[in-house]
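Got a structure here, written out as structure tokens. Questions coming.
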Amino acid sequence: MRENSLRAIWAQRGSALGGWLTVPSAMSAEIMAHAGFDWVCVDMQHGMIDFSHLVPMLQGISSTDTVPLARVPRNEPGIIGKCLDAGAWGVIVPMVNSREEALEAVAACRYAPQGIRSYGPLRANYYAGFDYFTRANGEVTCIVMVETKIAVDRVEEIVSVPGVDAVYVGPADLSVTLGLAPAPDHDEPIFTDALDKVLDACRRHDVVPGIAGNSETAVKRLEQGFRFVEVASDARLLGIGAGLALEHVRPRTGSEAKSAYL
Amino acid sequence: MRENSLRAIWAQRGSALGGWLTVPSAMSAEIMAHAGFDWVCVDMQHGMIDFSHLVPMLQGISSTDTVPLARVPRNEPGIIGKCLDAGAWGVIVPMVNSREEALEAVAACRYAPQGIRSYGPLRANYYAGFDYFTRANGEVTCIVMVETKIAVDRVEEIVSVPGVDAVYVGPADLSVTLGLAPAPDHDEPIFTDALDKVLDACRRHDVVPGIAGNSETAVKRLEQGFRFVEVASDARLLGIGAGLALEHVRPRTGSEAKSAYL
Amino acid sequence: MRENSLRAIWAQRGSALGGWLTVPSAMSAEIMAHAGFDWVCVDMQHGMIDFSHLVPMLQGISSTDTVPLARVPRNEPGIIGKCLDAGAWGVIVPMVNSREEALEAVAACRYAPQGIRSYGPLRANYYAGFDYFTRANGEVTCIVMVETKIAVDRVEEIVSVPGVDAVYVGPADLSVTLGLAPAPDHDEPIFTDALDKVLDACRRHDVVPGIAGNSETAVKRLEQGFRFVEVASDARLLGIGAGLALEHVRPRTGSEAKSAYL
Amino acid sequence: MRENSLRAIWAQRGSALGGWLTVPSAMSAEIMAHAGFDWVCVDMQHGMIDFSHLVPMLQGISSTDTVPLARVPRNEPGIIGKCLDAGAWGVIVPMVNSREEALEAVAACRYAPQGIRSYGPLRANYYAGFDYFTRANGEVTCIVMVETKIAVDRVEEIVSVPGVDAVYVGPADLSVTLGLAPAPDHDEPIFTDALDKVLDACRRHDVVPGIAGNSETAVKRLEQGFRFVEVASDARLLGIGAGLALEHVRPRTGSEAKSAYL
Amino acid sequence: MRENSLRAIWAQRGSALGGWLTVPSAMSAEIMAHAGFDWVCVDMQHGMIDFSHLVPMLQGISSTDTVPLARVPRNEPGIIGKCLDAGAWGVIVPMVNSREEALEAVAACRYAPQGIRSYGPLRANYYAGFDYFTRANGEVTCIVMVETKIAVDRVEEIVSVPGVDAVYVGPADLSVTLGLAPAPDHDEPIFTDALDKVLDACRRHDVVPGIAGNSETAVKRLEQGFRFVEVASDARLLGIGAGLALEHVRPRTGSEAKSAYL
Amino acid sequence: MRENSLRAIWAQRGSALGGWLTVPSAMSAEIMAHAGFDWVCVDMQHGMIDFSHLVPMLQGISSTDTVPLARVPRNEPGIIGKCLDAGAWGVIVPMVNSREEALEAVAACRYAPQGIRSYGPLRANYYAGFDYFTRANGEVTCIVMVETKIAVDRVEEIVSVPGVDAVYVGPADLSVTLGLAPAPDHDEPIFTDALDKVLDACRRHDVVPGIAGNSETAVKRLEQGFRFVEVASDARLLGIGAGLALEHVRPRTGSEAKSAYL
């Protein structure tokens, strides 16, 4: 029997560090899951990933204790249910901009009477144990994304929805809707105030505040009080890491660099 | 019409830096190919990669100027031909331990009368241009691996085979067959002498010396005279990179690290 | 030209026995389709199956006379249309809880003027014959799931929607919404009354009553009047079958059993 | 940096000829993309194609200058965003029957403040260049399908939505909703009047008129003023082409033809 | 129970027309198999196709009466056995250049005592019937390629091997080994004499002569006496067909053609 | 750090019960691996399975303690090395008919100096632990198939090869080469004598005797002294299990059975 260890970390007021998976491969998922993250999230929204990739990726992750999550491409009960049936211990739901949308996200994650999730946890039974049904409503994590100006304005109503376990801020989308360039961080007050507002609402409603980013921003976010924090993504590790490796070696070749994509 | 730019680099006595692909994904291949490597190699020997992955990976690479190579799982003309037909500009053939095996590797890469390659360059035509056949024998790169004690002993007879364009040393296998632990580098004379012997034979026969490794060893190898040098692999970028990112952030969480795989 | 033989079975007041497919494999689909079922259903809701698996699974089924159906993950015309275009002879639509939802399900299955299905039966033409369009509205089967307390309460309005060919009861979800544990059967009157109510409504509106289950419950369901009945699923045949095989042999090994998942 | 060359063609009042992709294969996509079409469209509505196929198909296309488009299975921002993030230069949105639906399609294609597209152009960055975000709202093409009687009736309100770049008529669905057999062309005034009405509305609102068809109808459509015109599809090239090849040869075998599917 | 209809065609001195499959897709395979060919061959040598593609492709073909064959990438019993177990009714073995190699090809196709094929016809049982084993040695077709100068020189010894059912000439490889450009046909006596020699040897040993080509060469080959003749390939139908369609339409656009790959 | 528990079972003179995987699916593999088998074997010889399926199947198995093995399609070091690198704890090598072939099988499984295995245990490191290399030669299991008359005749020389850990008898192929019908068991002395001979040789050389079969034959085999025994296969569980379920229910339908494949 496996438990969703995110709940234990958060119960002890700890912070959970995560890895982001956008490459549709169970092998890269397995490598990332072994790196020591508390959680990894299979990104079906912006990653090049569909449900047909999710299942083997979850299998690759399942030989570790890292908690598998899935970001769904939309707030819709069909795809949320599929991800949970496949053995994700929780979902990250993008673009939740209102109390109603938060209610829908929660309902899709819970069996009746708390919600409308349909029964059939085929792989979840194998992953979590055949007592899954009796524990699922208590263990499955529902994480809603607050990533627009309007969502920040309404963050109070969103985090007050029972069953919202955590909020995940998307700084890039938040930036764009605030009129800034998409980036993991900004110094502009309009941006930092928004983060503060989310943190404050989470604190008052005992909802875990989370946020996307990288290993640099993660240090800052932990200090700010975020407790569900992205540290690295597969695509950036590959693209930026390869670029740094080449920068280290290229000057010794006497030839010029080929490109500078990253 | 595309040319195999490795030939131009080598003709100008330049060094070609490479990335190694072991994750069976066209998306990670495309990311790696954009990082600025001179070449990337799809590893069908030790990578989790089969021909069914090779084709989309080559397609992912083909939107860049990076030269695509394939390491075949064995020295056999069927699989060598398939990789070339799919649009690899060359193959790296493992475990070439004799002149006879080098002759076989070369023959598999060349159309008659230089070799026995069977005609049917389906995707190579689309990748390289429909004049592919007329150029293939001159452009396709045949790289043989010298990676055992016995191969080093016979390196002279191997590099003297006409059509062997480059040698690729596998330090890990070389280490093992020399009685050392598998590693990208060793200070033991038995190891360094072997590299010297390969470099010397290559120099005298005008064959390009190449070697596997990482961004640290690459600097050293370039100084030693290797001109076809691995700088990074997708699996190490992910595994080691994620570990470093976590090391950077974890101490700030107050919790202990989960694992230390890498 | 192929016909949907479910219609002939039902026209003769016969009962159609089915197999359930949750493993994303065209090989297991082909094996199941050869076993003698009247129909098999590719489960895209709770099975580990996406559209990318559905197409090869339908191809594996198509060398038999077994009728291929698909359970869609949600009541939405895009995915219903895709399944039918791929050659499913009908869809099972989950969580139909109202007359309006039944109307939407039917509309998605029929070309104008009876519905809003978009034209483009690419594989259906190859499967059913190039006169498919002229027959499709008459042959494609629209099966709606009645699987919640609320749906049973409204079963009359659901089955009275023209074009609803059959109802498929999901006993597990029905149990959960009735406050019972998810199971294929219960003796509680609240459960048995619900089945009676569905059967009665179907009889009066000449809609075929169907239900999920296994080979034990199937015998009972046929006696109760259900005429579209699940007999076995791939996952249970594997999991339970392997467990029984081991139980038969294990005591002879002197060692203890490893697990008892099922 | 790549640009969406459809915009340049249309800016010069030129016509863009396209190929249609329904076979879920990156190899057939690459072959089609090399044939000289101005654009190819990966059909996720009626093609046997899911997002998991789209990504490698786009990679196969990306080694050419042919503009890649995707037809989404439904007018929903989640799937539209995924296709654009994967590197499609535009989407064709089916069954747009009202101004409201056109507004939704446009919004899904544009970042704030013009729309609601979520940020995360993973592969689009690699395909189009890392300045993608700054150019995306101006370059991504939003093409709405006018393919029902009701849509033709409302074509004026549809094409007047800012951000609708082109209209794509689906003659088969239009035929069906007009009470005709599904076909690429009809002589009936009810059909030809509908095309005229679309052409006229497009002209007045400076929206590009487009239409599905084949190489015969394409000639006629160009004369009529359509400037975004399907010329061929992979499935028809295979099915009809193979049939014609056999017709040419079969009489010489003395045996009778096996079938006449197409 | 299905029979290998090639044997019936040949027993009646008929000619069998074939389609060639190089695109790794079960959908294109199904379309091609419905076109009316007597046989289709899945090309695992020069096609972009591996065993993982072969199985679904055979499933796509199996809903038709077209005989499925596989060209293996090499003359090796492991892969030949896998193709036959998957339900291919025969194999085409490339580069058979001697009596010994022909003996090996035949042995790989036959169960003891005629050969060394290993037992385990998993999918063949479903495709051909559960009496497959009793019929396999008599029905499975072993076709060896004579496609080099040396093979033509030794054609007599090759076709005299018991169990060689047919010879398949590869004109492109034959051309290359004869010093000509790779092409489906040549007028040079060195080429035409080679074909005559193969035809003559086949006639005297009652082995079916076959040859690759297209719909133009097929007419000529039938007249020459070949009875197992390629008429079309998927890749050429797509590439050439799309090019012709564009040639037909492009001049009406006022713009110039983009490319001329084919 | 994981150990190969087969070694512990055998060291205690226990018997290991196994499941056979022929369906190319990681989901069916995961279900089978959870059923309680001591080992499961991914069959790349007669299963519809290639290396591209092996890797995800091994990932599906890896969340259990069941030992993963692979049957390779041929006795060749390239494919044996790939399976071990992917994390199989051992290989079953078919058609080992001589001491030389047994030596080759063993060499392919061991690093120097005991063998010729090439270094690069990419996924094995993640599966078994990063000390894999130091333990691999001692833990990886090399199992050779004795499945022909000639192999039984030479069984003494085969089992005496150092490094052969177990023998696996293939009763079907053995039957065929003995002139019997392929079957898991026979009463003919020619067959029973062969089994006795293998058992006797194994006993004298302390090699584990193993054999294919089903849950009925397994009981008998354990009594005979076999200690590595197949109990069930995925394909038979599906095909036979579905048939039995239908037999149980069909008579109650009033309709006749559709087929009797199994």
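Which chain is which? They are A, B, C, D, E and F, in the order written, and residues in each are numbered from 1.
In this text, contacts are C-beta pairs under 8 Å (C-beta built on N, C-alpha and C of every residue); 3 or more make two chains touch, one makes a residue touch a chain.
Quick caveat, the model's predicted, so the values are computed rather than measured.
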Message = What's the farthest chain from subunit F if centres are computed as the mean of the Cα atoms?
response = D
Ask   = Based on the averaged CA atom positions, which chain is farthest from subunit C?
value = B
Key: Approximate Å spacing (C-alpha centroids) for the pair subunit C, subunit E   = 41
Key: Euclidean distance of C-alpha centroids - subunit A vs subunit D, Å   = 34
Note = Residue ranges of subunit A touching at least 2 other chains are 22, 24, 27, 31, 34, 48, 50, 52, 55, 76, 123, 126, 235, 261-262
Request  = For this structure, give each pair of chains that are touching.
outcome  = A-B, A-C, A-D, A-F, B-D, B-E, B-F, C-D, C-E, C-F, D-E, E-F
Inquiry  = Under the stated contact criterion, what part of subunit C meets subunit E in this complex?
reply    = 26-27, 30-31, 34, 55-56, 59-60, 62-63, 123, 126-127
Query = Okay, in this complex, where on subunit E does subunit F touch?
reply = 50-52, 55, 76-79, 81-82, 85-86, 111-113, 116, 118-123, 126, 130, 133
Inquiry  = Help me check something: in the complex, which residues belonging to subunit E touch subunit D?
reply    = 9, 14-15, 17, 19, 22-25, 27-28, 31-32, 34-38, 48, 64-66, 214-215, 218-219, 222-223, 229, 231-232, 234-235, 237-239, 241-246, 248-250, 252-255, 257-262
Parts of subunit E lying in touch with subunit B, wherever the complex brings them together = 22, 24, 43, 45-48, 50, 52-53, 73-74, 76, 94-95, 147-148, 170, 172-173, 175-177, 179, 181-182, 235, 261-262
